[in-house]
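You will see chain A twice below: alongside chain B first, and alongside chain C after that.
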Partner chain A sequence: MFHPTVARLTYRGLLGRRRIVVLLALPVLLLLVSAVVRALTGADDATATNVLGGFALATMVPLIGVIAGTGAIGPEIDDGSVVYLLAKPVKRPTIIVTKLLVAIGVTMAFSAIPTLIAGLLLNGNSERIAVAYAAAAAVASIAYSALFLLLATLTRHAVVAGLVYALVWEAFFGNLVPGARTLSIQQWALALAEKIGAPGAITSDVALPTALVLLAAVTTAATWYAGQKLRRLTLAGEE
Partner chain B sequence: MTSIEIDKVSRWFGNVVAVNDVTMRVGPGVTGLLGPNGAGKSTLIHMMAGFLAPSSGTVTLDGAAIWGNEQIYRQIGLVPEREAMYDFLTGREFVRANAELHGLGEDAAQRALATVEMEYAQDRRISTYSKGMRQRVKMASALVHDPAVLLLDEPFNGMDPRQRMQLMELLRQMGAEGRTVLFSSHILEEVEQLAAHIEVVVAGRHAASGDFRKIRRLMTNRPHRYLVRSSDDRALAAALIADPSTAGIEVDLQEGVLRIQAADFGRFTTLLPVVARARGIRLLAVSPSDESLESVFSYLVAA
Partner chain C sequence: MPPESSLAPAQDVIHNIGYRNYTGARLGRRYIRRSLYVQSLRGAYGLGRSAKSKVLPMILFAAMCLPAAIIVAVTVATKANKLLVAYTAYAPYLQAVIGLFLAAQAPQSVSRDLRFKTVPLYFSRPMERFDYVVAKFAALASALFILTAAPLLILYLGALLAKLGFAGQTKGLAEGLVSVALLSLLFAGIGLVIAALTPRRGFGVAAIIAVLTISYGAVSTIQAIALARDTTDVIGWLGLFSPLTLIDGVQTAFLQATSDFPGGHGPGTGAGVVYLLVVLGLIAGSYALLMRRYRKAGL
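Let's look at the complex of A and B:
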C-alpha cells in the first residue's frame, strides 16, 4: 500500500514550487507570536491555551491540512500529469494511500511540530499543554489530510471547498452552533488534548472514545472513497 | 500479436454524443486515427487507454477489458496530448520515475531516453524543454516498459518539421517491429506519410477504415466546388461545360463569378487553364470553395 516513487513525486511536488513558502508562513507566524507573547506576559497557562487552541489548532492545522491534502494530488489532476501515475500497473488505492501518508507527514511536520515548539515557548509544557496540543495537531493532521485529499479528487475547487470547511464550518459555525462542534475534526482532536493535558486545562465538547471513533471513521472512509474516485477518474479531453 | 478491439462503442457526455456506435480493430503496425477537431478521436483514445469508460459497448486488449484494469498498462504505452508532466523534475528523473512505476530501474530509463535521443538534455529540468523535447520525453516515458501497444494523442502538434520527421521515423520503426501503434491526427498529410492503415472518425462516427490509398481516392473523387473569376465568364462557362469533368456551372452575375462543380478533380484542374488559354480568357481568380477539412470528412461519411 506504499509506493516510494509515488511518494517521491508527491513530496517533491508539494515542497517544491511556491507551496513551501505558504507552508512555512503560518508556523513561523505561530512561533513569532508565541515568542512575543511569552516576552510580554511571561509564562501563563491560559494564554498558552488561547494561542495553541485559537490559532495553532483552530486555524493553522486546518490551513496546512488544506494545502498539503489538496496539494498532494489536486495539481496533478488539474494539469493532467496524474496520467503518468495512473497509466501504470500500480493499484489506485496504493497511489491514494501513499499520497495520504505524504500529506500527513507534511501536515504534521509543518503543524504538530511547530505547535509543540510554540507550546514550549509559551509555558514550557506546564500542565502538559504543549504536548496535549501537539498530539491534537498530529491526529487532526491525519483526518484533515484524508478529508482534503478526498476533496481534491472530487472537485477542481478543492482548496476553496477546504477553506470553507476549515474556516466557515469549524471556526465560524463551531463558535455559534454547539451542535456543529461535535462534527468538527478540531473538537475530536481537542478531546485527545483534554485527556493528555492536566485536568481542567483543556476542554472539548466531544468524549474521547466518540472522538477517536469519528476520527478513524472519517480518515478511513475518505481514503477509501478517494481510492474509488481515482479508479474511476476520467481525464477531461481537449475536445 | 496484440490488438485492441472496439466493439459497438458509444460514449456520451450528458446529451452530447462524442462517439457513436464505433466498431474497429487496431492491430500491429502503424494506424492513423484521422478526423477533424472535435470528432471524438481523443475520446476514443481515452477509452483505449483506460481513462474513460464506454457508455455502451466494449473496449478490449486481446480479450481483456481495458477499463478499470491497471494490469493492462504492462502492455500499453500512452503518450497523452496534454503538456503537463512534472516540470520540476529533470528528463532523466521523470523517465526513471516512470520506469520505477513499472517495477523497472535505471537501465530501462536510459534505454528509453536513448531511443528518443534525449540523453544530451536528460539532466535539464523539463520546465526548460521545448515542445519537441517534451514530446520525446513523453515518448520515452511510454516506452520504458517496452510495450506491445503504443497510443499517441496528436503527437505531432506543435512540432517543427525536423522533430516531426524524427518522430515519424521512430513510429515507423516501432510499427515495423510488430508493435501496435495508433496515433491521432487532424492533418491528412501527417497520416498519409506515416500510416498504411487509417481509421477516419467524423462527428463521433466511424466514417472510413482501411488502406490509405482507398481513402485518398474517396477524398479526391468527391465533387469539388470552385469559385472562378475571369475576363469572360460566359465564354469560359460554355467551354468548360462541354467537358465531362464539369458537372455544373452557375453564372453568378451579381457577384461576377462562376460557381463550378467539378466531377473529376484531376481532369478539371488540368482542363481549366488549357481551355482558358485556348480561348484567350484571363483567369483572375480560382479558389476551391469547400476545401475545409470538415467538408472533406463529411463527404466521406456520406460515401
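Let's look at the complex of A and C:
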C-alpha cells in the first residue's frame, strides 16, 4: 500500500521550490509569538493554553493541513498531469494511501513538532501542556490530511472548501453553536490533549472514546472514498 | 515590352486581392485599461464566467448582506433609537467573509493569466505594465468595495426607514464608507501581491488566508496577553502588524469608531497618524511590488 516513487513525487511537489517557504512561515511565526509571549509574561500555564489552543491547534494545524492535504493531489488534478500517474499499473487506493502518508508526514512535521517546541518555550511543559498539544496536533494532522485529500479529489475548489470548513465551521460556528463542536476535528484532538495534560489544564467538549472513534472513522472513510473517487476520475477543463 | 505578355498574364504578378489598412478609430490604452477593469470586476463576481464560478462569490455576497438585513429588521421591529452595529464595526465583524472573498477572487484574477501564459499576449497590445497592474488592482479593490459597502447601504436605508436621525446616519455612513474604501484598497493590494507570486490557484488561496488570519490571530493573541499583563500602551502599537487591526486603528483614531482592540485600547490621534501612514505605505508598496512583478512579462 506504499509506493516509494509516488511518495517521492508527492513530497517534491509539496516542498519543492518556494512552497516550503509558505509551509515554514507558519511554524516560524508560532515560535516567534511564543518567544515574544514568554518574554512579555514569563512562564504561565493559562497563557500557554491560550496560545497553543487558540493559535497553534485552531489556526495553524488546519491551515497546514489544507496546504499539505490538498497540495498532495490537487495541483496534479488541476493541470491534468494526474493521468500520467493513473496510467501506470499502480492501484488507485495505493496512490491515495501513499499521498495521504506523505501529507500526514508533512503536516505533522510542520505542525506537531513546532507546537511541541512552542509549548516548551512557553512554559517548559509544565502540567504536560506542551506534550498534550503536540499529541493533539499530531492526531489532528492525520484526520485533516485525510479529509482535505478527499476534498481535493471531489472539487477543484478544494482549498476554499477546506478553509471554509476550518475557519467558518470550526472557528465561527463552533463558537456560536456548542453542538457544532462535537463535529469538529479540533475538539476530537483536544479530547486527547485533555487526557494527556494535567487534570483541568485543557478542556474539550467531546469524551475521549467518542473522539478517537470519530477520528478513526473520518480518516478511514475519507481515505476509502478518495480511493473510490480516484478510480473513476473525470478531468474537467478549466472553466 | 515582350509581345507575349499582352497575350497571357505574367507568371509573377502580385494580385491585389483587396487587403486594406485599418482606418477606424484606434481606441488606445485607456480603452484597453477600461475593458480589462470591467472584465476583471465582473469576473470577481463570476459574471461572464461559468455558473459554477458564480456560486462562491454570490454566496459570500449574500452572507455579507444578510446580517445587515437582519440588523435592520431588528432595529425597525424593536424601535431602537440607534443601529445595533455601528457602520464602522460592520466590516471587522464579518472579516472572515471578506477574507474568503479576497482569497478566492485575487488568485482567479491574476494567477490564471500567469498559468496559461496569457500575460505576454496582454502586453502584445498597446498596453503598458502600468495599465495591467492598475486595471487589476482597481478591479479587485472595487469588487471588495462593492462587497463591503453594499451592507452599509442596506443599514443606512434601514436606519432611514426606522426614522433614525438623518444627519447622524449620513455622517456614520460616510465614515463607514471611507473605512471600507481603505480596507478594500489595502486588502486588494495584499491579495494581488501574494496571488501574483504563484501560478497555482490553490497555493494563492491558502497563502492569502494564511497571511490574513495568522497575522490577525498572532496580533490579537499578543494584545490579549498584553492586556492581562496591564502593559496597555503596547496594545495600540501591536495593531500595526496585521491588515485588519491597521484599519481598526485608523478608524478608531479618525472615524469615531469603537476599537475592537482588547480593553478598547485603540490608538489615539498621534498613533493614528502612524497607522494611516502605514496603511497608505502598504497600498503604495503593494502597487510597487506588482509593477516590479510584471517587469518580466513572461513569468
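The rule is simple: the second predicted complex is superposed on the first by the 234 of 239 C-alpha atoms of A that agree within 3 Å, B and C clash if a C-alpha of one lies under 4 Å from a C-alpha of the other, contacts with A are read in each partner's own complex, and residues count from 1 in each chain.
Just so it is clear, contacts are C-beta pairs under 8 Å (C-beta built on N, C-alpha and C of every residue); 3 or more make two chains touch, one makes a residue touch a chain.
Because the structure is a prediction, the values reported are computed rather than measured.
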Joint occupancy of chain A by chain B and chain C, clash or fit: fit
Which superposed partner A:Thr70 touches (first chain B, second chain C, both, neither): second
Contacts of A:Thr59 with chain B and chain C, given as first, second, both or neither: second
Touching partner for A:Asn50 - first (chain B), second (chain C), both, neither: second
Partner chain(s) touched by A:Val6 [first = chain B, second = chain C, both, neither]: first
Spatial angle chain C-chain A-chain B, Cα centroids [nearest 10 degrees]: 70
Which of chain B and chain C A:Leu176 touches, first, second, both or neither: neither
Chain B versus chain C as contact partner of A:Val160, first or second or both or neither: second
Touching partner for A:Ala39 - first (chain B), second (chain C), both, neither: neither
Smallest distance from any CA atom of chain C to any CA atom of chain B, in Å, after fitting: 7
Interface residues of chain A shared between complexes with chain B and chain C: 238-239
Complex contacts: residues of chain C adjacent to chain A: 49-50, 52-53, 56, 96, 99-100, 103-104, 112, 116, 197-198, 200-203, 205-207, 209-210, 213-214, 217-218, 221-222, 224-226, 228-229, 231
Parts of chain A lying in touch with chain C, wherever the complex brings them together: 18-19, 22, 25-26, 29, 33, 36-37, 40-41, 47, 50-51, 54-55, 59-60, 63, 66-67, 70-71, 74-75, 78, 157-160, 163-164, 167-168, 171-172, 238-239
Contacting residues of chain B [partner chain A, same complex]: 18, 37-38, 40-43, 46, 49-53, 68, 70-74, 76, 78, 80-82, 84-86, 88-89, 94, 97-98, 100-103, 141, 154
Partner chain B, residues of chain A touching it in the complex: 3-6, 8-9, 12-13, 16-17, 79-81, 83-92, 231-235, 237-239
